[in-house]
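Lettered A, B, C, D, E and F in written order, each chain numbered from 1.
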């Protein structure tokens, strides 16, 4: 019901329980594509798995501690974007996102992240936004690089991915550096 | 951040903590106007009173049990609309609303309720929507009457209003009766 | 252990865990009779189903928000009566009840409701008591009608009953109208 | 509302919030009398102190873990009786009680404890009931002694009473020893 | 990680989840020996049974309400010792313990309890320490008797042990009686 | 009561409520020294401020999610060390520490962190340990640098310190790199 307008084609939508089939299909039809970098994919075995998770996501939003929402492109659910947490003490947050395979190539994530940055810096007065990706995840890294984030460093063995560790790279954007569109 | 588009001029927005000043001003500048039929007005003495309530409203939404959100008319916060609860067992909900004095006369509540009914009946598959008003609250009653609700009955002494009881009148609209725009 | 004396033959008793077999028998031996108007009957499959529910009922009483208790007629458990909630802000409550098939014809519910009304109006200073029944539930409707309740209106599709909606009728009694016996 | 009948003159009643004035008066008019052996008396400074405690007592009852209730003698609130806990694993409980000064001399506590023992042993199938009193509390000790409890031992420094330790004496009655009236 | 030094050979250690296998082996290799006086032994069927219990034990410690910890003798886990509760109002606590069969004969429990008493009386300013054993549990009774506890009394049918009641005997030591080593 | 032995002079101790005065003195006598890099110092105004916090720290330990404990040097409380969290999914944790001004110069933190690393890598099988310091906090940075941690990167504006942002530097040590003493 409640969404955030990125631009004429793209909206970010807070999920409700009745989105569970649509969300499961998005995951299920992109399992191999998403599994490469997301460890939770295997745990989502049926739409009902989302009955418990969706309220947790929205409660996070209610507690002003981030959100996990859907990305709609011309009405179709094509991915997700969220704030992992909001550290109000240090005015810092961290953006995560994924996109279905078929929806790539339209700059959807770049446009969505860019719009979200406007909101975070201008409305929510956040000072620092992080994007953390697996070093080898070229596509995910392209987003912060394209948007002018600063590469801050490598977290060695930062993430356990099924049967091995991956190094993570941290990018950040500060409020003073972001030119508001 | 997350809103629901009613039409080109009207949006329903889920509140966040940073809306507390704006929301307090709406109440504070309409105290006498709102006090007539709303008992909680006196309790809102400062913006900080909303720091505790806003998360409760959004958690209600997270629990799929209704919401309390702001109505924006051409960007300005002019009132609130909400679902008091959602009784999923009997597929029933109840709409409440108020509007600032100066925003009256544009059919804002009628347009907002009408759009909300579309969403409730088509997307959330609700069967029955109630609107309950004080019998003497002519303006509030005009909304369900204008939208073709059926008057079902009077709750005698249904509401304690400061120092006396008011009778309430219940209107309802069923999914099968609502012609979807 | 704790009961409320209606009259020489009838008591309302707060359940304890050790009542679970007796309560299950009451339901189990009246399944078809109760199923007509009560949707929860099918969920009670064994005495242990009540181990979780009985404490919830008594906690409701502890929170001054109503109760669900047994009706004993000459010592035998013959039905239940309860207050669905107590809306202290508007001094309103709503009574529900059921009776085993074999215990009908003794005015047990009428006598019990009447005594409960005395207590609600005189001791708990409640102003308004509702009784809501399915329109087609003749027997249940006879109670408020016999006790002089005022019929206030019909809730169309007010209750989902297994595979269809039933209309509900609301009756109310106000403190000032009830002649205290 | 809910009580337990001891005999024609004595009832044990579960408190509700609207008993708070009556209960406070009982304590307030017996402060010195009760202070001798009860450390919590000083904490009860106004009826509102009981608004929080009464629901806790009844929730204890809801959890099948004992109760704290009022003793009425010919309708007047004259004292309290309770089960401190119920240890279902070892089928053991412990009775506590106090009586207003003016209500002494009618065997109220003896009659009440005796009736409670009937209920504990016959209905709740408790095996062992303890009564623990301060060694120097002659009046309190008279109850178990009169009812045939067995003196089991002394807890040295068992209770801190304002500014010093008191020894406690434990009495017990087993189900097999209690002759059911 | 965190332990309490009794003497050069004996430590009391707060369990962490990674101790679950070691703890299960201790129980599993002493089932018959421990079953004589401990009813919970049968419930521990696998190391994972301790995943839930260990945090509960440490939370008890966090709440300053006692602890359940391991006894290590020359590094090997040989038993457990704990405070069932701490009644701060009456400055009283109660010690429980068990030891593997093969670790008997080294005075491990006596030395551990003695050291714990030093800590309870000197650092935690406890006034009264109880040890309660089954009357027929000669070995367990030898500890308080050897350490000079005073036998206070017998709790008849104090404990349900599988299929029958056992009498319990209470010993106590007061701070003023304990000669600090 | 429960401690972790670093070496003959240094112990890490889990706090209990009765440590509150000692802990407050440590903070109070080092206010200016600690305020430089720790924002919470001003909030600790009296020993009682620790009554609420100490149980929270130990509950964190109970939940296997890190700890905050005292550092004793020859018995005297000279500082604190802790694990901010334990991310078991990615086998990562982060160490924090502070030391009183007068206790500097004995390598206390280096020896304590070194010993803690042994425990984290060998017993708790952690893979990655982070230490994050303010870039300008030379003394704090000396610890990871002395222990061979790898500098991974700078978090620009990583911490809000009273009235300005500080950059933070992240160091990490991986299990495979740490030579176990």
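As a working rule, a contact is a pair of C-beta atoms (placed from the backbone, for glycine too) under 8 Å apart; a residue touches a chain by one contact, two chains touch by 3 or more.
Keep in mind that this is a model prediction, so the values were computed, not measured.
**Q** Determine the set of chains touching chain C that also touch chain E.
**A** D
**Q** Counting in whole Å, what is the centre-to-centre distance of chain B and chain F, each centre being its mean C-alpha position?
**A** That gives a centre separation of 51 Å.
**Q** Report, in whole Å, the distance between the mean C-alpha point of chain B and the mean C-alpha point of chain E.
**A** Taking the mean C-alpha position of each chain, the two centres sit 60 Å apart.
**Q** Indicate the whole-number Å distance between the mean C-alpha point of chain A and the mean C-alpha point of chain B.
**A** 32
**Q** Can I get the ring sequence of chains, opening with chain B and turning toward chain C?
**A** Result for the ring walk from chain B toward chain C: B, C, D, E, F, A.
**Q** Sort out for me which residues of chain E touch chain D in the complex.
**A** 39, 89-92, 127-128, 150, 152-160, 165, 170, 172, 174
**Q** Using the touch definition up top, name the residues of chain C that touch chain D in the complex.
**A** So the residues of chain C in touch with chain D come to 1-5, 12-14, 16-18, 55-59, 61-64, 69, 119, 123-125.
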